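Two complexes are shown next, each including chain A; its partner changes from chain B in the first to chain C in the second.
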Partner chain A sequence: MRAHLFLTCPVLLFLGCSYLLPFLGIMQLSFTDPDPGLAQYSHVLSDPLTQGVIWRTLRICTIVTVVSVAAAYVITLLWVRGRPMVRSITELCIMIPFWISVLSRAFGWLSMLSNRGLLNTWLKDMGLIETSLQMTRNEFAVIVGMSHYLIPFAVFPLATAMRNVDERVLIAADGMGASRLRIFWQAFLPMTASGIIGATLLVFVFSIGFFVTPALLGGGQSVLIAELIYLWIFQIPQWGMAAAMSVILMIAVGGILVLLMRRYGEMAK
Partner chain B sequence: MITLRPGRIATLLTALVALFLLMPLIAVVPVSFTSRRYLSLPDGNYSLRHYAALIEDPAWLRSILTSVQVGVIASALAVILAAAFCIGIWMLRPRLAGLMTGFVLLPMVAPPVVSSLTLYFFLTKLTQWNDIIAYDKLGGVVLAHTVMIVPYAVVVIMVSLSQIDRRMDLAAQSMGAAVPTRIFGVILPNIRFGLLGAFFLCFLLSWDEIGVTLFVTSVETITLPRRMWMGLRDNVDPSIAALSVLLIGVVTLLVVLRAAMLMRKEARAR
Partner chain C sequence: MSSNPQIEARKVGKKYGKFNALRDVSLGIGEGEFLSLLGPSGSGKTTFLTLIGGYDAPSAGQLLLDGQDMTNWPAKQRGFGMVFQGYALFPHLTVAENIAFPLKVQKRSEAQIADRVAQMVEMVGLSGHEAKKPVALSGGQQQRVALARALAYEPKVLLLDEPFSALDKNLRGQMQEELRRLHRELGTTFVFVTHDQEEALALSSRIAIFNHGELQQLGTPEEVYERPANRFTAEFLGDINILTLESGGIAGTPIQLSGNAAGLGHLAVRPEHMRLAVAGDANALPVRLRDRVYLGAKSRLLLETQAGEELMLYLDNGPGIADPHPGAELCVAWDARHGFVV
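Now for the complex of A and B:
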């Protein structure tokens, strides 16, 4: 037994005790509280209210993923391939929001969208609307806020893929007289497919367990899975249900991550 | 060499995305100068009352101090644990390295709400045994944050270690250096910037942490994000606007400074 193997022990022990064991405890709760067996799981999956939340979560996360990846693709394109000056500016536009706390960003959207916020005030001043448009406490606000949070995360895998694009293919396409649109559509876009898939899975995984932004911008009107778990713990204590939902969430995310790693494992070969 | 630059359509779309990304950060500024007690734009009357409230209300300062304390202790713990782990893996390259690293990265990839529930469950159990590392106590928040940030420290330090020349360590070993000498004399001095970077990243993550903190605190230990959350949840408090303006200002300044430094470095390299 070599002495320095002990170096790896503290963190393994620490996480084993304070993360793995309690998670096993949660799993146990999901099978025992209040009824032994699979009752909690069948309730979570069959109760119409919970089903509604699950479908809403899947719907919102899908929309958010598509919006974020599309927006990130455009801005990454200029970040990677623009002229030096453009590159610096886009980099700032990506990095500044990325480092700002999720709460300030949610508050920013409240300032934009709420009844006395920037957008409503402008629209009224221009005489386009009489009464304020309701733009917070609904799914629209949740989608806007979540996309805003997730765009910078989608940028990184896309940038890696775009930096690896073989420039000679583009030059060849250009030399043979393909239009710019066709070069993009038939050469550039397919060569960045791995980045698009990576970004999509990453953003989807992040969005599905998301709690803060939906809770603040949805205002209790559009509860997602994560907020439902919070409510099951702190409002109407139902540990077993919360535990069962967490286990389901963990398995779903684990499945997506395995897909992601397979994908990148193949590329590494 | 990039031959084909993005065209006008791409530039226009990027401008829209950039506007979308920056707009909410700018919108906070006018709101922070409103003279009303609710979220609104100043209607001719500009007021600094919400900035004054930040200074006058000792609760904000207390929360800032709590956040700094938690951040420093949790980051130091995370960096020490992660450095020991990474160095162990780097020196030995055990067969189970992949599995072990995967396990350590778990809190980073698991859905935050699941981690929150798990840590809440753990801390309520611990509360029955002691009142230092417990629910709604500083020790408990430190433990929860350490669990959440340790994977990031591991990633940063692993990257830093991968850039060391292994032959240095081999040379030290062949000249009879014992394991502690190799670690403290050779490896640690070579990854000092990685350690510093890991500490900085961990502190930032802990400073901003809200998901887990919401689950493991209630009224006694209130970090800054937790207090912001309380001011955002029901009736939106414009003090949050004043605070956000300050936080956004600091981040913007740091990011711009860093970009400027990198540009100067590049210019010098040319």
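Now for the complex of A and C:
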């Protein structure tokens, strides 16, 4: 027992130095900069502009989570249960974007969606539209870019859940005369619920702290929490506000995690 | 078996790639019968059950249901009940919901479903467990749910794939009793796959014995046990002594045989049909006692013929019973009708 404690010391030391100390610094900053007290928190929570950012973040992250998990479910279904050819192709489509940096992917979507981008050009060439559609520097672009980035993260918990489904249960349902639709809705989907919850959790928590994609594809028109914190640190230095916002973000993510885990625990019973 | 079987297999075969899982199986299953498919693992018994159920299609031959060709019908069209190995219960549904599932598929009314579920829960002795999920149940209870679910929609035929293989010995005995009772009460045709010969003997009205994808013998438990068709069946079911035959005798001692056994190589006699005898008795074979294993009510004697072949028999323990010691020279005898040539 003593030896175990001794051996874990380096890890504890590392975590303490790299996470706990900076976090305590941030905590301290949030209560002291510029003046001691709760002014930073009350400002963050009452300022209409900041409130707007918080609501937008929650809204976009919810949409992104629903879109990513739904898309990932279909993709995972093809990957786990498709024919061998479909499986290989799907696997490539999951893995290749996964290995490409978040920055390249954001620029990729820019060149795809911008006013003179590929999509607008095609639509014009086909005579479907007269003037370019505004598809960047707005929430649409942010949602597309973030969902695309997060889909692979949703795929893995879903794949685990789908691989754990007992094939015989589905065969039994079929033998009892259930239609394919009924087998999916009443057997397969509920049997993969743990994967859906895991994927939702992972994607939502990831999306809340997203910075690069919303900053590039939102073009300053659709600022999310992480970008606001960046602004308060580097553009209009208000470190106390940035610290307070960070603490709120952390508590929010922690709270959501606890809530979902509890729900998950009930589902598993 | 009635003259018109409910289910009939005609020269049914199944190949997986080049592997012959099943070859040329022809048999009829009568209505209300309890047929066991018995054999070692890989013998084709489960493959045959899967084909009857319609969960896979045969590569050759024909399957008939009440005289109609059902070879290419999918499982749902056949409408048989099936208890899968490992039970295949819906893990996210309660006991009552599991049993109700096939009834909902059939779009029965809510009231009808509730009645039927209550009836099934009662029948398999799960009252009070209706709202539990399968994980909260013991293996035996899960087994009952699987039975109730498969019988809920009153199928004409119930197929069971090694339903008791995951249960411990006591529970197995109990579930076997219940299965006999259900069969008696319902009159449904049961087709039951097992590798446990005692289970098959105890439960079945007839037994089909499989080995290497071929049907070895089909008959009542008494028939297959007492008149095995070949050496595999003889050795697979229960204990048996096998002795080499040479020109009408064994190890130089002349032996009476029932029927004509010319040119055949081995004589098989069940240990319970052998008794200790004295030299000069009919069919008496001199043997030497190698070992005696005390089993309480009886002893198992391990014997050796003069040619060095092993055989065994059981001896009741009790007052006034001879108590031979290892090394003793004895004789064993049996009625000619109990010896069969294999």
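To be clear about the criterion, the second predicted complex is superposed on the first by the 240 of 269 C-alpha atoms of A that agree within 3 Å, B and C clash if a C-alpha of one lies under 4 Å from a C-alpha of the other, contacts with A are read in each partner's own complex, and residues count from 1 in each chain.
Definition applied: a contact is a pair of C-beta atoms (placed from the backbone, for glycine too) under 8 Å apart; a residue touches a chain by one contact, two chains touch by 3 or more.
The model shown is predicted, which means the values in this text are computed figures rather than measured ones.
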Which of chain B and chain C A:Trp55 touches, first, second, both or neither: neither
Contacts of A:Asp166 with chain B and chain C, given as first, second, both or neither: second
Chain B versus chain C as contact partner of A:Asp174, first or second or both or neither: both
Partner chain in contact with A:Thr8 - chain B first, chain C second, else both or neither: first
Partner chain in contact with A:Ala71 - chain B first, chain C second, else both or neither: first
Touch count on chain A, higher of chain B and chain C: B
A:Arg182 touches, of chain B and chain C: first, second, both or neither? second
Touching partner for A:Ile94 - first (chain B), second (chain C), both, neither: first
Which of chain B and chain C A:Ala193 touches, first, second, both or neither: second
Those residues of chain A which chain B touches in one complex and chain C touches in the other: 171, 174
Interfacial residue positions of chain B with respect to chain A in the complex: 1-7, 10-11, 13-14, 17-18, 20-25, 27-28, 30-31, 38-41, 81-82, 84-85, 87-89, 91-92, 94, 100, 103-104, 106-107, 109-122, 125, 143, 146-147, 150, 154, 179, 183, 204, 207-208, 210-211, 214-215, 225, 228-229, 232-233, 236, 240-241, 243-244, 247-248, 251-252, 254-256, 259, 263
Chain A contact footprint on chain C (complex, rising order): 53-55, 74-76, 79-80, 82, 84-86, 88-92, 101-102, 105-106, 133, 149, 153
Residues of chain A touching chain B in the complex: 2-8, 10-12, 14-15, 18-23, 25-26, 29, 71-72, 74-75, 77-78, 81-83, 86, 88-97, 99-112, 114, 116-118, 121, 148, 151-152, 167, 170-171, 174, 180, 183, 205, 208-212, 215-216, 225-226, 229-230, 233, 242-243, 246, 249-250, 253, 257
For the chain A and chain C complex, residues of the former touching the latter: 166, 168-169, 171-178, 182, 186-187, 190-191, 193, 269
